[in-house]
Every structure is written in C-alpha cells, then in structure tokens.
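Here chain A shows up in two complexes: once beside chain B, once beside chain C.
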Partner chain A sequence: MEKRPHALLLKFPGTNCDAETARALREVGFSADVLPISQVDPSKLEGVDLVVLSGGFSYGDYVMAGRLAQLVSENRLGDSLKQFRDAGGYLLGICNGFQILTRMGLLPEGSLIHNDSGRFKCNWVKLKKGSQKDSPFLRGLPDEFELPIAHAEGRFVTKDAGEAEALVASGLGVLTYAEDINGSFSQIAGIQDESGRVLGLMPHPERFMSRDHHYDPDWKNEAGGEHGTGYYMFRSIFEEISKR
Partner chain B sequence: MSFYRHIPITELDGEQLEQLSSEMKLSLSREDMVAVQAIFRDWKREPTDVELEVIAQTWSEHCKHRIFGAEITHVKDGKNEVVSSLFMTYIKDLSEEIFARKPGFVLSAFHDNAGFIELDDKLAICLKVETHNHPSAIEPYAGANTGLGGVIRDILGAGKGAKPIASLDVFCFGAPDTEADQIKADDVIHPLGVMRGVVRGVRDYGNRMGIPTVGGAIQFDESYIYNPLVYCGTAGVIPREYIDKEMSAGLKIISVGGRTGRDGLHGATFSSAALDTESHEEDQQAVQIGNPIEEKKAADFVLEARDRNLIEFITDCGAGGYSSAAGEMLSEVGGEIFLDEVKLKEPGMVSWEIFISESQERMVLAVKEETLPELKELADIYETELTELGNSDGSGILKVWHHGELVCELDCRPLHDAPTRHLKSTFTSPSGTASSREVESLDPAADLKSLLGDFAIVSREPVIREYDHEVQGNTLLKPLAGAAGDAPQDAAVMHIDGSERLMAMSQALLPEWGKYDPFAMGAACVDECFRQLVAAGANPDKIALLDNFCVGNPEDPNELGELVECVKGMAGAADTYSAPFISGKDSFYNYFETDEGPVSIPVTALISGIGVVDDKKHVTGASIRHSDSVICVIGTTGDAMGGSVYGRQKGLGNKAALPVSECGDFLELYRAYHEAVKNGWILAAHDIGEGGLAVALAEMGFSGKAGLDIDLASQPTSEDTSHTACLFGETPGRLLVEVATGDVQALLESFAGKAIAQIGTTSKEHACLKISFEGNALIDENLNELKEIWKNGLTPYY
Partner chain C sequence: MKAVFEITDRYLEAGDCSALLYAPLDEALTYRQTRRYTLDFEGDEGAAADFVSKTLLDEVGQELHQGESAALQDWLFAIDYGMKPGALDLEKEAVMSYYHNLKSAPIVLSELKIEHRVYVFGESSISPDRFVSDICNPAVHTWTVIEGEK
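Showing the complex of A and B:
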C-alpha cells in the first residue's frame, strides 16, 4: 500500500487547536499524529512529511507568545527542525505555531506582538495571497479569501516598515490582510521562508473546512463545492507532498 | 506547632456555639451548631478543627442548598401554603416526572456534577452553570477567571470525564455610566471596572483552555452595583458508556493538577454570607488565583485516561476542596486520606487548611491500584502532577491522617441530612392594569432608536470578540453571524465529532420582569430559552434546561416570596414544554450593607438550555438572507407592557401587568414551526424579546441583505392591543420568520388555525426598515443608521 503523507503535530502544554487541526489534515488525506512535547526527540521526525505547530497558548504565553515553546523545542530538538526542512520537510505554524516558528528563526526575521488595539480579537477577515512567489500551501486558493482569526498577539512587525514591505515585495510576506486588522506592518498575516516549505500564518484554516463553518449561511465558494477555504489550503500541501 | 486541635463544644451553650461558628468563619447557624453538638455528644468526644471544617463545608448553603431544601411557609395574598423543599417539589420531582414522559432522553441528572441527555445512540451531552458572584465582586478578574475554571472542572468530573465543548457566560452589572456618587459604600468597585475585569477573566480562562465561549448575556441595572452576578456555564460531550461511575472499596484516591495552598480558604462558607465593605478588605483569601494552563494539562490527562478506561470515579475540587471531593467519594464507602502526601504551594499549612483549601485546577480520581503506573506515565506525558492521596476501604468512615495522627474520623451518615431550615415568605400579587396607551409611542422611530441604544439591547460585540468562539472548529451557528458576520443570533449551534446531530445552547434572563412579577419572569425565561433553541433548529422534544437562581436575603420574607413565585412560574412552563431540569444551582445573600441600608438584587433566574438539532440542515440563523422573501410573525401579541424595556424607558414601573406565558399555545406553535424547519421552509427565524417586534425586525435586517417592508395590520393580536404594544411589547411565544415566496402558502396552510400572519416582505430597493399599520408608516428608517446605534452602544465603555 502506498504510504500516505504523514503529519506530526507538536503539542505543548496549552496548545489547544491540535485536535481540529489533526482532523483537518486527516480530512484531506494525511495521516496525522499529535505528540506531546514531553515525548519529542529528533527520532520522532523520521517518516514525517509535515510538522505542524497548531494554535493555542503554549505555556500560557505569559512571557512573549511562543517564547517558552521555542526554548523547550530547541532543548528537545536542537536544530533538527532546521535539518528536517533542509532535507525537504514541510513546516506549518498556525497562530501560536506561527509565533513559535518565528521565535525559532525558521521564518524571515520579524516578531508577533500585541495587537495595536491591545485586545484579543476573534472574527473573520479578508486575506490576499501574494503573487510574487508560489507557496505550496496556498496554491489551490483564490487570490482573495476569508479565514477566521483569534489572537491577542498577531501584529507582525519588523525592525522597520521597509523590511516588511520588502517581505511582501519578494513574496515571502505571502499572506496579507485586505484591511488593517491588528497593526501588522504591511498588513502581513502570514509569511513563508525562501524554500517555500515553511509557512506561518495567524488565521485559522482548520476552522473553515466546510461551507457550514462560514458565518453567512449563503456563502458559496467559487468552485461550487461544500468545502471551505481551509480545506483547499490543507489539500494543496497534501497534493504537493503526494506528488514528490 | 500543632497542626490540628480539638475544639471543646459538647459543654457549650447556644450563644457560645454561635460565637464559635462566627470566630471560625463556619457560617453555621445556632441550630446547625446544636445539631453538630448533639452528634459529638452522641459520640462522647470533642471534634477536631478539621472535623468542624468538614461539617461546615458539607452543610454550607453553597454545597447543600439548604434554602432550596427548606420548609417554607408561603403566604400569598393572605393565603397560607407550606412548600416543603422548593427543589424537591418544583425541580426534582417535576423533572423526574418529565423523564418518565420521554424515556431514554435524560441519561443522568441530579446526582453527578452535571446532567446528561442523549445526543444519539453513542454520545451524550451535558451542561453545567455555576455562579461566582461574591468573588467577582471583590476581585472581578480572578473571580470570573476561577468561575469559568470551576465549571469546566465540573464537566471534566461529570461521568467518568466529559469533554468541555462550549461555554456560556452571563453577567449582571451596574450600568457602565454609573456616576461615582451613586455608589453608597466604600471600596465597591465601579461597574465598569467589574465588567472589564470579569470579561477579561472569562476571556483569559476560556481562550487558554481552548473552549469556545459561544453564549452569554449581560444585564445592566443599578441593583447590581454592589452585587454583580457572574454565571459561568460549560457544556460537554461524553461517550455514553462513560456516564455511570461508582465508588467501591479498595480503590486508590489520586489527585491530578495543581498544588494546594492557602488561596481559597472558606470560599464555600464565604459565599454563603452577605457582602459588606469589610468583605472587600478581609475576604481576599477566599478568592483563588486561576491558572488555565494547569487545568488544560489536567484536562488532557483526564480525557486520555478516560479513553483508556482507567477511571473508576472522578470529581472536581471545587468548593470545600479535598474535603468535599473526598467527602463525595468516601462518605458512603469510607476510606483514608493522607494529608502528608498532598503537594503544597507553601510550607506550614495546618491540617484543616490543606483539607478544605479551594486551590484551583485539581481533580480527584478513584482508580484501580494496578493502573497507577500507566496513570503516572500519562501524567508525565501531559506534564501534570499526580498525587496519591489515599484509598477507599469499605469502613463507611472518613479518616484523615496528618503527621501520623488521625485528625478527622467521621462517620458521614449522620451528616447527610443537615437540619431542615424553616423559613417564611410572603407575596402580594401584582395589581398593575395600565393599558399600553398610557405610554403611547408618539414618535415610534425615535423610540426605536432609543431602544436600540439601550444597554439592555445594544450589541455585545466588543465583549464577544474578546472570546475565542470558534476554537475546536465546531461552532456552526456563531454568536454573531448573518451576511456581515455581526448580527445577533438566538442560540449557538455546535457540531459534535462523531455525530450527525448537533447541540444548540441558549440562555435567558429577565430581571426587569422579576422586579414586578417574578412568576411571569420564571415562566417567560423558560419560554425564551426554549423558544430560542427551537428557533435555531433544536427539536422541541429534545430540550433540557438548567435553573440558576440568584437572590438577595432569603431571611427577608418578601425576597423569599419572590423566589417561591419565580420557581413556580418556571416549573409550570417547563412542565408544559416537557423540558426537564437536569441541573441547577442557587446563590443567596446577594445583598450589601451600604451606608444607606441593605441593597438586594432583584430575584434573578437564569434559565439555560441545551437542545438536540437532528440534522445540520435544520440549523437556522436569525438574519435576513434574501430580498424578495416574505416575513411572517408566529404568535399573538398582547397589550401588557409591564417589564418591557420600552416600559422601563417610559417610567411605566409597576403600573401595567406583565404578559402571561400561555405555554400550551406556544408549544403548538413551536411544533408547527419545527415541522416547517424540517420541510426546509424557514430561511431565518428570530425570537421577539427585549425591545419587541420592531427591535427584532431591525436585528434581522442587520445582515444588510435586504430592507424590510412590514405592515402590522394583519398580525395576530389579542383584543385591544395598541400600536405601541405591537411595536415594542414583549409578549412571549413569538417568532419572526423569513420564508421564500414559493413556500409561504405551504407554511400558512401547515399552521392552519394557529396564530401566524404574513406581515411583509424583504426588499432590495431600499435598505430601509419600514413598519406601517394599514399603509400608514409608523417607522421608516435607514437600517444602516439603526445598526450604527445598536452596534456601537457598548464601544465607548468597553
């Protein structure tokens, strides 16, 4: 039997979107395991195609969001996530996972800080996909789409505004909010690395797998199917890995 | 230093006993203390401080609900009646009768942390709602934080561990614009400070736990300035085989989660007394500190342990701490607890402090000894602390050891029944008869705007957005939805993994009604909750309710009389709907000694409910979806405007009667409506509640999909209903529905003989809300402008 692409979700104390993210990955065809961080060592990455850091509040995010998770991960994994990426592996960080990937230095330099409103914010937002550089995660998506966000620390900033502009121009700042949501420089909502195999984003694709998830009962996707936008995102990376 | 002591009580007189209770903060009455004395005289020894504390916890109002169990001599309009236990008469006995009417629906009730109803043949769902009023008054953030944390643990401790899937949070505050000089006591936190603290407390616990907060309500009234109310509720799901649990001899008792400290001493007894300025200074130690990540780790552990079938019995550590949890587990079977094993946050804690501490994030389990290694491994995996506390032994005696000494040795059987309280209540039926014409609306458009901007009605969006209401990815009908994603809905509907069926959840409270007619309030709250669930698509035969009461001073016969009437109204409606109560809670002593005398809250009943939605096609939102569809009103509008928001704005007070809930008639309408939902005829439906029909129409129009062109001439009314009552009256039992033109005929025919009327259409030509009577426009307003008023009402304050 042909092996299905396999996803490994790392779970920290306080990670809380792992179950629905695993469900979403399985729905598009992945086999998926959730592994508590206490059980993680470099050998656990063998046979894994996609490492996912899902949403939540790792260790409560009482210091900077994702900081403790970064330290614990580095302690347990050393630089094996970097090696995993260099060997062709894929990494996806959603919300808190994006914060952690950023702190780990697996994504272009930047920081996710408190929303400029100073508040947690849970609502749906319009997003734009950059056209400068392909992303295997976003390939199957239209140029504009909606996803829900839910975060207090989602404001993406760089040393200066120019760096963020450069990220968008180069295609690394691959996902932007159509409107200013949280004060992110250049309205960046998600970034990828040079390889395109690492993506971090604040919105939650796993919460929009079916049409029923949309707040508008009359929402229709352009392709006419029952699926939500998140489905096509997970399906894109599934197809990318499957065809290798 | 001695870590426990004997307290000589057998020789004390009544006054000395009462003084002792007060000194030890036991919150036991003289009568209770005499009963305790009798037990120890019988045993021919003096109690230890640990034993007295255990009894105080066991018998506290918070744990034993002794006012709901009291014998009440109720005098209504001069006629005497004796109610022996409000709980037994109007809640438990009634509900058990309803269980018998629909076998197999309620799977567990009244003995566990939460009651369960059938979702399908594999899964069951439950809901529990608690109040955390006193702590939230003193420390709003921590009080609300641990309020939600506590009710989540209730769900984790229901059955052999249910999975928390959704939360609701209901608050009553003083108005955000309360002037400082309106507050007549020192150290009382301004309502705005209470609101911000409470909302953030709920936000930070719920969001970190990863449980979507999907339901709620906020009421503002000056009577809540001193005693804010904070209701926290959580729903859960469980595989049916894990509902039943039983204690037996020979099990290990373990604790999982946080450590034990001096935080939260006397929470149960503290919340069984009134507040005053000194409470703000002295009772800080009764409020605990929340740590949601500790609880999240414990929750991950519990659910995994349950799935591996490692749990024989489980309960949460709430009020009374280990003493209540161990008491619940060991009071029948007996057993030993070793306090030396308890992991402490601080050194030097004495025996009773360890045993009754209400430190958060602890679960207590009974497990088979041979499973301990696997459980310890699981605890390591999820990085939570597991402690062996003791064992069950079949002796029937609760024994607590500390430093090698037996600090508590209680035969719990004599403690099961606390002395029955005897209380008096009086009630005089409301006598208002004023017609709505006394408060006739001379400028309906202006009145509508005034209602849309009323704190009772304005959008709760600033609060709702702070809650993650979509984590777990199952929130199908969200608290704010419609085409623009910001219009109010009647209920939340959750997908549940592994089932084709869904859970709807809603809640209702009408304290303004309770000020004038608590009986009408009780009935109307049940109706509103039930109606909202049905509107959103729940099957009317598959709805279960919870009752949560908050009352001022139960020793005041008038206040107790209002409670008795409220309970009766509620019970009658639930009986008619065959919607059983599966759980409930009550909170008394919500009054405050101000500089100008005591201020009590009005009797405040929160009715919350869960209902089964049989098919996801039945999920129905409350927002207009298309232009060129038809609007119908279901139900009959009456003239009574007592208790309405409009009536309050116009100073109607107690001059008018309140609407009567004709639940028998309503139920027929709801059944017919549900058939229409199943036939796919209903595009959208909204309950008519606070602010009446005009506000409900505006709210439906806030989706921005179409204008509304309505004429009220044909709507069913009782005799002599004025235009004002048609627009702004709050008669229960009514729904507005949007129906496609092609389905109207079939809908009306299916309702033949029942109260329904086609009252208008949705129009794309103008984004206007136009309401006329026989062609004469009463209201013709731009919906976007109305929405601005409604949407931004709370933003300056939050």
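Showing the complex of A and C:
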C-alpha cells in the first residue's frame, strides 16, 4: 500500500484549531496525528513530512502570543525542528503557529504584535499572493483570494519598515493583505523562509475548506468545484510532498 | 537580590483614555501600557537581565528598561496593578513553570511579581480614582497610583 504523506500537529495548552486543521489535512490526503507538546521529543519527528502548528491561544497568550510555546518547544526539541527542515521537512504555522515559528527563528526575523486597533479582529480578508517567489504551499491558489482571520496579535513588524519591504521584494513576504487591516508592515499576512519549506500565515485556511464556509452563499469557486480556497492550499503542499 | 524590568511596546501609539473607562472622558487624555517584572533572585544581575530578555521580551517589537525609574516620561499619573498575592496569577504560574523546567537555570528565581503599568498623559486635574475603579478589580488586584512629575 502506498504511503501517504504524514503530518504531525503539535498541540500546546490553549491550541484550539488542531482538530479542524487535522481534518483539513486528512481531507486532501495526508495522514495526520495530533500530539500534545508534553509527549513530544525529537524521535517523534521520524517519518513525518509536515509539522503543523495550528491556531489558538497557546499558554493563554501569556507574556506574548507564542512566547511560552516557543520556549517549551525549544526545551523539548532543541534544534530538532531546524534539523527537520534542513533534512527536507516542511513546517506550517497558522495564526498562533505563525507567531510560534517566528519566535523560534524558523522564519525571517520579525514579530507579530497587537493589532494597531488594539482589538481582536475576526473577519474575512482579501489576500494577495506574492509574485516574486514560488511557495509550495500556495502554488494551487489564485493570485488573489479570501480567507478568514481571527487574531489580536497579528500585526507583523520588523525592526524597521524597510526590512518588511525587503521581505516582500525578495518573495519571502509571500502573502499580503489587499488592504491595511491590522497595521502590518507592508501589509504582510504570511512569510516563508529561504528554503520555501516553512510558511507562517495569520489567516486560517482550514476554515475555508468548502464553498459553504464562505460568508456569501453565492460564492463560486472559479475552478467550478465545491472546495473553498483553503482546500487548495493544503492540496498544494500535499502534491509537493507526494511527488518527492 | 531584587531587580525591576519594565517592558514597553516600540510600535504602539498612545491611545485615547476613554478606551480604559466605562464612560468617555471630556478631556483629551491618552495612555500607554507597559509591564513591570520584579524579580527576587540569587545570582548575577546580568544573567537576570538575559533571562528576562529571553523569556519576557520581544526584541523586535519591545524595549527593555531596567531599574526602578519609569520607562516613559512626561506623564500625569501612572497606575501599577497586578494580581493579589493570594490570587491565582496564571501568567506568573506559566513563567515559573517554564523556569522550574529549565535544565540549567541562569539564576535562582525565588519570586516573580508581574504588574501592568498604565501611564496617563495630558493636562488635567482629574482624579486617578476614576481610572482605578474602572481598571482594577479589588477582588483580585492590588494597585499603586504614582503621581507624575509634570
């Protein structure tokens, strides 16, 4: 029997999007396991193709979103996630997972701080795919699409605004908001690392797997199917891993 | 040994004070919030600062101020508030749990006190009591009001 690509979802106290993300991964063909961080050690990465840090409020967002999850992960895994990436593994961080990956140094330097409105934002946003560099996670998506967001600390900043501009210009700022929704520098919604195998994004693709998830009941998939845009994101990385 | 660290947000602008209160203010006052961490510890003060930087500071989006003096200037008054000693402070518990699980801790941390500081800016004779009553919960918080030097 052909081995399916395997995804491992790391779950922290307060992670709350793991079940729907695992369901999304299984829907496109992955086998997927959710593992509490208390049971994680480097040996658990063996046989894994994709590590996913899903959304939620790990450790209650205490100190700052993603900080305690970063520290606990580093204690339990050391450099194993970096070694996993260097050995060809893929990592995806969604919302709180993006915050954690950023703090772990697995993505270009930056930080996700409180929205400039000071408020939690929960709505659908228009997104633009960067054109400078390909991403195996976004390959199957149109240049512009919609996804839902739900975050209080989603404003992507760098030490100066020029660094964020450089990320977009180089293609590492792979996903931007079509309009300013939270004060992110260069309207960055998602970034990838130099290898392209690590992606972090604030929007939630797992919440738009079916066209029925869209707020507009008349929304139509340009490809003509029943899937939502998020489906094609998970499908893209599934196809990338499957052809290895 | 005791050390105080105050962390300010680099990119957050001062906000309208009415956002802190149940009813809007007539005066044009603004505020900024910071966090103050007081550590009781044994060991090197530099190691304590390193621990705070690594654990409690976002080096991209925040700045660290060490010492008792205020990190910000030209404020009307400030309110420090935090959990009562007997109340369950989940943030403190999370940080201490991380500290206790460190394989080799850089300092011996015996106590950590976490306080939020609200700086109020502007010209006014308004009493801080109104802010205290709307921001602090006497069931779980202790607080201190500090008059500014303006």
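In this section, the second predicted complex is superposed on the first by the 244 of 244 C-alpha atoms of A that agree within 3 Å, B and C clash if a C-alpha of one lies under 4 Å from a C-alpha of the other, contacts with A are read in each partner's own complex, and residues count from 1 in each chain.
We adopt the following convention: contacts are C-beta pairs under 8 Å (C-beta built on N, C-alpha and C of every residue); 3 or more make two chains touch, one makes a residue touch a chain.
Note that the coordinates shown come from a computational prediction; the quantities given were computed from them, not determined experimentally.
*Asks:* Which holds for A:K220: it touches chain B only (first), chain C only (second), both, or neither?
*Replies:* It touches nothing on chain B or chain C.
*Asks:* For A:Q39, is the partner it touches chain B (first), chain C (second), both, or none of the two (neither)?
*Replies:* The answer is first: A:Q39 touches chain B but not chain C.
*Asks:* What is the contact status of A:R67 with respect to chain B (first) and chain C (second): first, second, both, or neither?
*Replies:* second
*Asks:* According to the stated criteria, A:E109 is in contact with first (chain B), second (chain C), both, or neither; which is it?
*Replies:* second
*Asks:* Who does A:K133 touch here: chain B (first), chain C (second), both, or neither?
*Replies:* It touches nothing on chain B or chain C.
*Asks:* Determine, under the contact definition given at the top, whether A:F57 touches first (chain B), second (chain C), both, or neither.
*Replies:* first
*Asks:* In this superposed model, does chain C or chain B come into contact with more residues of chain A?
*Replies:* After superposition, B is the partner touching more of chain A.
*Asks:* After superposition on the shared chain, which partner residues are touched by A:N123: those of chain B (first), chain C (second), both, or neither?
*Replies:* Once the two structures are laid over each other on A, A:N123 reaches chain B alone.
*Asks:* Taking the superposition on A as described, I'd like to know which of chain B and chain C A:N75 touches: first, second, both or neither.
*Replies:* It touches chain C, and chain B stays clear.
*Asks:* Using the superposition on A, tell me which residues of chain A are in contact with chain B and, in the other complex, with chain C.
*Replies:* 59-60
*Asks:* Sort out for me which residues of chain B touch chain A in the complex.
*Replies:* Going through chain B, the ones touching chain A are 203, 207-210, 291-293, 296-297, 300, 380-383, 464-476, 478, 480-483, 485, 495, 497, 616, 619, 621, 625-626.
*Asks:* Spell out the residues on chain A that touch chain C in their complex, using ranges where they run on.
*Replies:* 59-60, 62-64, 67-68, 71-72, 75, 103, 109-111, 113-114, 116, 118, 155, 157-159, 183
*Asks:* Help me check something: in the complex, which residues belonging to chain A touch chain B?
*Replies:* 13-14, 16-17, 19-20, 23-24, 36, 38-39, 55-57, 59-60, 119-124, 148, 150, 204, 206-207, 209, 212-213, 215-218
*Asks:* Under the definition above, what is the set of chain C residues touching chain A in their complex?
*Replies:* Counting only chain C, the residues touching chain A are 9, 11-13, 15, 19, 54-56, 58, 60-61, 90-91, 94-95, 98, 101-103.
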